[in-house]
Structure formats: C-alpha cells, structure tokens
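The chains carry the letters A, B, C, D, E, F, G and H, assigned in the order they are written, with residues numbered from 1 in each.
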Amino acid sequence: MSLNVYLSGEIHTDWREQIIDGSKGLDISFNSAVTDHDASDDCGVAILGAEPNKFWHDNKGAKVNAIRTRKGIADADVVVVRFGDKYKQWNAAFDAGYAAALGKSVIVLHGADHQHALKEVDAAALAVAEEPRQVVEILRYVLTGALPG
Amino acid sequence: MSLNVYLSGEIHTDWREQIIDGSKGLDISFNSAVTDHDASDDCGVAILGAEPNKFWHDNKGAKVNAIRTRKGIADADVVVVRFGDKYKQWNAAFDAGYAAALGKSVIVLHGADHQHALKEVDAAALAVAEEPRQVVEILRYVLTGALPG
Amino acid sequence: MSLNVYLSGEIHTDWREQIIDGSKGLDISFNSAVTDHDASDDCGVAILGAEPNKFWHDNKGAKVNAIRTRKGIADADVVVVRFGDKYKQWNAAFDAGYAAALGKSVIVLHGADHQHALKEVDAAALAVAEEPRQVVEILRYVLTGALPG
Amino acid sequence: MSLNVYLSGEIHTDWREQIIDGSKGLDISFNSAVTDHDASDDCGVAILGAEPNKFWHDNKGAKVNAIRTRKGIADADVVVVRFGDKYKQWNAAFDAGYAAALGKSVIVLHGADHQHALKEVDAAALAVAEEPRQVVEILRYVLTGALPG
Amino acid sequence: MSLNVYLSGEIHTDWREQIIDGSKGLDISFNSAVTDHDASDDCGVAILGAEPNKFWHDNKGAKVNAIRTRKGIADADVVVVRFGDKYKQWNAAFDAGYAAALGKSVIVLHGADHQHALKEVDAAALAVAEEPRQVVEILRYVLTGALPG
Amino acid sequence: MSLNVYLSGEIHTDWREQIIDGSKGLDISFNSAVTDHDASDDCGVAILGAEPNKFWHDNKGAKVNAIRTRKGIADADVVVVRFGDKYKQWNAAFDAGYAAALGKSVIVLHGADHQHALKEVDAAALAVAEEPRQVVEILRYVLTGALPG
Amino acid sequence: MSLNVYLSGEIHTDWREQIIDGSKGLDISFNSAVTDHDASDDCGVAILGAEPNKFWHDNKGAKVNAIRTRKGIADADVVVVRFGDKYKQWNAAFDAGYAAALGKSVIVLHGADHQHALKEVDAAALAVAEEPRQVVEILRYVLTGALPG
Amino acid sequence: MSLNVYLSGEIHTDWREQIIDGSKGLDISFNSAVTDHDASDDCGVAILGAEPNKFWHDNKGAKVNAIRTRKGIADADVVVVRFGDKYKQWNAAFDAGYAAALGKSVIVLHGADHQHALKEVDAAALAVAEEPRQVVEILRYVLTGALPG
C-alpha cells in the first residue's frame, strides 16, 4: 500500500516539513498548495493581468490556485488540515469540507485552544492530532502497522 | 422551478429571517442547522449521555448536528454561507467546501473586511453578496427573472 | 425538513415500534426489512420454487429480500442499525457497512456489552445509542431542534 | 489483467498467508487491515493520547484503522471476507456491506456452520468458498482462465 | 414504501398486463417502452424524416425510443426483463445490462429452455421467474411482506 | 411517466412558446434560462454592484444565471438545444456539452445550414430536429406512444 | 494516449486475434472474458463444488466469470461487442448495455443480417463495424490520427 | 504533482505547439483531438463506409472522433479550450461544457473580441487567458509555484 497525502492549511510554520521529513522511508506522495505567500496571492494578476479592484485581484489568484488544490485533494487518499494560531484560515476549513464531501480520510491538526471552534471539522475527521509527529505516526501505522515507541 | 436553499453560518444576527421574509411569495424551501446555540452545543450529551472531556462533549454534539446539516446540504440547490463579524466560523467555511465539492450553487454573504481572508471561498461561489437583501434579489431573479427596482 | 429513516437489524424485540411510536407527530417516513422471520426465510422458495439445498433455499430468499432492503437503504437519510443480545446479526453489520459506503447518516443502537465488538461499526456512525428512546430524541432534535426534558 | 485484492476478516488463522502463498506467480496486489491484534486495538490511544473511557479508546483506534481499510477497499477489485469460528466479527460483515455498496466483487469465505447466518452476505457475493485454496483457484482462473486439476 | 418498476422485453404476449393487473392495490408505478411494434420501429422517420438506408431508419427510431427507455430505467427501483420464445431480443439483454450497471434490482422472467443462454443475465438478477404471477408475488412480498397462498 | 424538459439556446424567436404550446395536455414541466436579454446581461451588476470592466460585468451576470441554468439542466430528463441563424451561441453549445456529460437525453434543433458546424453536438444527441413541431412530436411520442398524423 | 479495450461477445471465430494482431504497435491493452468455452461453463462447480441442478451449476460459473468481466469492462476505455452468426449471445448484449450505462465508448461488430435486431445496441454505440479490420482501423485512427489506405 | 492537460478547440493556428513547447521540462501529458482537418472530417466514412447523405457522413465521423475526445477529457486534470477568430467552433464550447460538468479545471483562451459571447463559458473557467504563453505560465505555476519574470 502506498498513500497520497495532501497537506492543507497554515503556511507560517514548518509543520509540512516535519511531516515530510518524519515520513522518510514510507511510500507516501505528498502534495500541497503553493506555500509561497506572495506568489499565491499574486499569481492571478501576475499571469493574467492586473486588476485595480482587490476583489478581482484575489479572485483571479484564488482560481488559479484552485487548479492545484482541487487536483491535490482529488488525488489524495488522506487530507491533513492544519489550523495554526493566527488568522482566519477559512481556506483550510473549506478544504476540510471539500475533502470530507469527497469521502477522503481527513486528519485535523490543531492546538487545544481551537478545540471548540473546530468541533464540526473534527467531527468529520478520522483523527485529530496536536503535533505533526502524531500525523507521522499515524501515516507510519497505516502503512506498516508499526506503533511508536 | 422551485428552489431548496440551505442557509449556513453565523447565528447571531437575523440574516436568515431577512432572507426568508424577503422571499415571501417565492417557491423556495429553506433549511438550516439548529440555530439555538445552547441546544446545538449540548445536543450530544443531552441525549446520549454526559462526557467529562470537552472534546467528546463537542464531538457527540457535532455528529448529531451533522445528521441535519448533511441532509440540508445534500437536498439543497443553493447553499448560502454567511460569515459575520466575530468568531472563527470554521463550520461555515467547512459547509462551503462541502457544498462546493457536491456541485451545489454557493452564494457567500460577508462584509468587505473579510474579503481577502475569504478569497478561496468566494472563488468557489456563483455570487458574493454583502447584504441579505441581495441574496433575496438573486433568488427572486433566479426564479422569476425579475430584477430589483 | 422531513426524514426517511431505515430501521435495520434485530427483529426479536419491539424496538422498531418504540421508535415509530415515539416519533408520532414528526415528519418521518420509516422503512425496514420484512420482519416476519418465517416469511423472510422462506420468501424465495415460496415464490420461485423449492430448493433441496439449504444454501440455495437461503440464497433465493436473501436476494428477494435484498430488493426491499436495497430500496430502503438507498432512499434513507438516516439508517438506524440495532444489535440485540443474541445471534450473529451479520446482516445488520452488512447493512451498516452498505449504508456507510453510500454516505448515509448511521445511528447504531446496542447495549454496552457489545461495545468492543462493534467498535468499527460505531466509528462509522454519527450517533451510538443504547435505548430506542435516544433514537427518538435524536430524530426529534434533528427535525425540530428540541432537546428532551 | 492484474488484480487488487483486499483480504478482510478473521485474524486468528493463517488464511491470508495461504491465499497469498497460493497466488505466487499471479499478478495480484494484496492488502488487508493491520492484523496485529494489540496494535490494531491500541493504535488510537498510542498515537493520539490515552482515553479513560473504553468507548473512546476503541473509537480512536477504529478511526485510525479506517484510514487503512477504506483505502484498501476503495482500491480493490476483489474483496475477500473471511468469517472464522469465533467472535462476532461484525467488522468483517461491515466490510462486506461497504464493499458491496461500492460495487466491488465480493468473495465470502466461511465454514458450512455459518451458512444460514451469512445468507444476506453470501447473497451479495460472486463466490462463496469454504477453503482458502478455493479463493486461490478463483483468482487464478480469473487471471489466467486455468482451472484446478 | 412504494416501487417504480420498469417492464422490459418481449412485446408479443400479455405478460405486462398480467403483472400490472395482478399488482392492483399495490403502490407501484409501472413504465415500459412503447410496445406498439410499428410505432416503435418507425417513430424516428415518422417524426424526423425518411431515410432510404434501413440502418439509419432504425437508428433514428432507436434513439428516439432511447429517450423513453433511459428515463424509464433511470427512474426504476426494479427492472423486470422478459425473454420470450422467439426473436433475438437483444434489446432486452441490453436493458438488463444497463440496469445492472446502474445498480437496479433486476428480475428476469423466462422459460426453462432459455436457462443456459441467459446464465450471465440471470447471475446479475435478484430473482429469476418463469411466470408473470411470480413477479407479482415478489412485488407484493417486497411491499407488504405477504407470501402467496 | 412525466418529463422535465429544459429548453436551451436561441432567445430571439418564439420556438420555446411553440414547443410549450404544442405540448399542452402532456405531463411535461418546462424550464429554461431567463430569456429577457437585458435582464440576463445585467443581473449580476444590478444586484451585486456595478463593474467598470465589461469582463467582470459579464462574469457576475453569467454566474448568477448559472444558478438557474445548472438547476434547470440537473433536474431535466431531456435537454433541447436550439441554434438559431445568428450569433455565436456558444452558451447553447456549452449547455449541450454539459447536458451530455451528465447523461441527459439531448435533442438538437437547428436548420440545415448549421449541419456541418454542429456535427459534434448532433453526434451526442438522441434526436436532431429542424422544427419545433418535431420536438413536440417527439415529446408526445415518448410520453404517449402516439405518432403524428 | 493509450487505450484499454475490452473485447466482448462471440467466441467461435478468431475475431479477437484479428484485432489484437492488427493492432500490433499501438499502445493498447486488450482484455476479454475467458474464451475457453468449457472452462467458462464449468469454472463455478470445478472450484466451488458440483451442483445437481443445471441452473445453479451455471449460476456459480456465471458469477465467477463476472469477477473477470466486470473488472474488464470497468477498466476499459473502449468496449467492442461482437455478435456472430449463431446462438442467442445475450451475454454480449448484456455487456453492451452494462458498458453503455457506465459511459464507455462502445463499438459494435456484426454482419448486415443482424442489423434490425441490433438497432438498440447500435444506437448506443459510437461505431458499428462489419469487419475486425475496421475495428483495428478505428483504434489506429483514435490513437494516431492515421486513416487506412 | 504531474498534470494531464487536454487541448480543445481551434485547429488553424499553432497554439497547441506553443503551449507544448513552452511547457518543456514540466511533468505534463498533453492530449487533443485529431487536428488533421480532412482526416477528422472523413474518418467515419473512410473506415466504416461511404454515406451519400452529408449528415450521416459527418455523424459517423463525429462519433469516431468522440472515442478520442471523451477519453482525452475524461483523463484530463485541466482542459484548455481555445476559441479562434473564425468559424462557429461549437465543438469547442461543447467540450468546455462537457469538461465543466465533469468537474475538470477549465482554462479558456480567446481574444478580447469574443469576451461577451463567451461569458457563460468564461464563468465556468478557473482562468481566462488571451495568449498561449499565459497558459504555459499557469501550468508552470500550478506545478512549480514559479511566477513569470
């Protein structure tokens, strides 16, 4: 068994690297959105032409990014959605809902302080973790049956 | 043509009532989650037994509520998702993603201050409105072809 | 909102009647398999001709019954699966898996003694109840928002 | 033609090994749940934290295991479900129902004593075998057209 | 529970009438192809213009008829396919395959002499009957639980 | 049998009225896009606010109209697509492709001069007519079996 | 582009070999049912045990064969269905219907004498050929754009 | 991440070559219809026999071509649809609708003069470009996160 894992959400800490590094040796293909914040914000107008109205500036970019995120989620067996400490992160919750509706296995990753606000998202998940290490342990267990320790 | 419209999101203002009242005379069936905040939070433990751990307290409730929200979204032609001024409202973004993945027509309703944070959600929508009145006007136009004014 | 509820599983106690009676006044359509044990066992050969081999006797009957159960589950919003004290009840677990794969909202109903053996089934459910009364309370809450007491 | 075969059910005898060994030389990819009983029971709490309540202990584990079983069944062309002599084995029947609803080719493997109790499961199968050797013979025939003997 | 039943196949005997008459009092909606042989053969050219080539004459008609048959099968819970004594009746076998692929409950109705030639079709069915009376008895049992006699 | 028919395409002649009038007495529910040209062009900005850029003016309107057209096509059993003498009518061809991908029964209505340019669209249709009268005759035949004359 | 082609139907002439040989050099993967007539008829009882009743003898075999045919059709881009001069060949028509319902590209291969009897099957096809050579030419054209001659 | 991209529409300029050449080094598999205009028009009759009536000449060819285009679109992650300066190009708009209904990411490529006529097609797209270079830049960004310049 091999896994295709999509990593969605927060882009300000190195949680993706922790998971990818921790999963070395496992047969996993990782994907995620473009995590370069500026490129992600400006891709639409940089390629398709400037927009004076911020709404359309963002709309163009969000749609170009959707080409990648839809492909990433559609191909995934497991979608890990990370909620960080800051910002609204509505795109992460949107991805979680999108993945859930497609029947993907969802793992949510967040700190205890977000527990109540994320209860509907957590309720649609097969695992709720607090640390990237736990996500690695889940992926290792799913692929090899080995538990930590 | 008749429409089944699901109203998702913020529960602290009367936007649902404004839309339902404004749509009087149109052939629309409206649904939404249980909007009584306390009932919604406690339904799981009230029916299925208390949980000392807040996570499971919330988990039980969120799953019972999911029976209603999944049915509501699955039956809907149009899903209106409202983001208010306060709170994380991740369940609203989750519903938007869930509805988008099912191919529902999504209308997002939010103030200008949330524009950038909601760009991915807006990009999946067929309309982005600021006022409940505009949602009513869209529904009236879709059903009757009549424009406001 | 109205609900279509399929009641699957144990046929030796009156749990179906308790749920149906308790749901009086709610906009719910209930369905279930034929619960007359003898008719259910013999329907195949009674209609399509006797079989000397018990396997084919049962096979003919199980397929005729499947016309009803597949329709019942396919039409359902909610599938309640009851596990009683006796017998293997593999058809109940089969229905639960079938319903889960179709994305139905599953409610499992069983006593505490079956908890460990049913953990995979429970994990696919949106609610796990011990008493028919709790199922009624869930259905009432889902449709009306009213909690017991 | 190659086949992806998922082996579900009983974990106390070596039926999986018999099928895999017997299928040497055939173009088949086999998958199954984690069959280490203790790891399977405890994976949830071992990774995601202890639970004092047995229900949630099991629930956490069953959901982590579901990441693997859902993937295994979703990828399968053929799902073999084995019912042994002991235990309730409701997860096996659940897998059979899940696989049937997804349109997978189901092969059931059980002794004659379970015939009546499994009639609904057998009725959803394309083959009902008593011995692992027969499953191997079916897989060989399906891939090569060769019959035993 | 109500049923939508599509009656496909042979048009030279009154088996449809027998089933419909026998089902009086049951909550069943019956549909079938246009059974007027001449109208069915000529509908394409009668409406859309003559064709000198018999292939296109038939092609135009078969496509117009497909508007009705596809709708009839798509809406059906149960598809009854009757094979009579004469003719190739490939459209009946085509309908059976079409219905099976859509997951419909298929009942095949044919005499013993066609048993071997129809083994693949029968293997995809939930019931194989020889007499229209048996189909009525199945439908009555499925809807009411009552067995004949 | 009743039919839900969506009428797509040209809005400058009375072909819709001819079909609807000609179908009097048949159990058909007709739907179509908003056919008031000005309302259809301006609905987006009239409701959601003016756009100085014609692209976004049109984009907003086309998306609001899509709420209606998607619903209309999704609900339809039959989609009639009319190509007139003038204009590009790419939305008509888009609707035809959209309907074909959803497995709808497509009827194309156009004059002989467009035959070659529409060959791919016609090849996806179950009928190609030149006159609205022929569409009525098809619908009557499909519902009643009666041929013209 | 590569193609997966399933060859269904008549097993008494070498049409499969003609197509496979003629397609040498094209990137095509061919599959078909087991074409050894005796093995195909007896596979069920040879593996799973004898049946005194011919119906169940055939039923067991047809179901084992269905493991292969369903996989073959499900994986196919193109399904070629051949009707020969003799026998009822209802399994071929069944496969055609099954393939059509799954949205596969169907090519029918038969002589002119079967034209009228196969009109419904032909109407669901993207090509109707009389000679295996023509099927090869279609496959070559589809993959390379090259026409014969 | 790799992409499968289908290039649909205009065949009279070298836009396909520009995109394919510009994408050198990216992990993309490109497909398109047969772009040899004469072969595409005549493939049906060249292989399956002449037709005196132009409608059937075209119909045969369009269906053979559909074997390729359906496969190409079904396999694609991204469908690029190009509208040129001349001709009706209804097949391009048909492909766009077909792709949109399947949930593919659609990129439309056309000059400013077609903006109003293509508003419904553009509204279903994730990007609207004027130059092949922009399509290349989108594909590069989607796969690598790199923006032009």
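List of remarks:
The definition used in the following text is that contacts are C-beta pairs under 8 Å (C-beta built on N, C-alpha and C of every residue); 3 or more make two chains touch, one makes a residue touch a chain.
If you're wondering where the values come from, they're calculated on a predicted model, not measured in any experiment.
Compared with chain C, the chain whose C-alpha mean position is the greatest distance off is H. Where chain C touches chain D, the two copies mostly use the same residue numbers: shared numbers make up over half of all numbers in play. A repeat of the B-F interface exists among A-B, F-H or A-H; more than half of the contact pairs are identical by residue number at A-H. Rounded to whole angstrom, the centroid-to-centroid distance between chain A and chain G, based on C-alpha atoms, equals 44 Å. Averaged C-alpha coordinates put the centre of chain D at 31 Å from the centre of chain G.
Residue positions of chain B touching 2 or more other chains: 63, 66, 103, 128. Against chain D, in their complex, chain C makes its touches with residues 54-55, 58-59, 61-63, 65-66, 69, 83, 87-102, 114-124, 128.
For chain G in complex with chain H, the residues that touch the partner chain are 1, 3, 77-78, 103, 105, 107, 125-129, 134, 137-138, 141-142, 145-149.
Note for the complex: chain G touches chain D at residues 31, 34-36, 39, 42-44, 46-48, 60, 63-64, 66-68, 70-72, 75.
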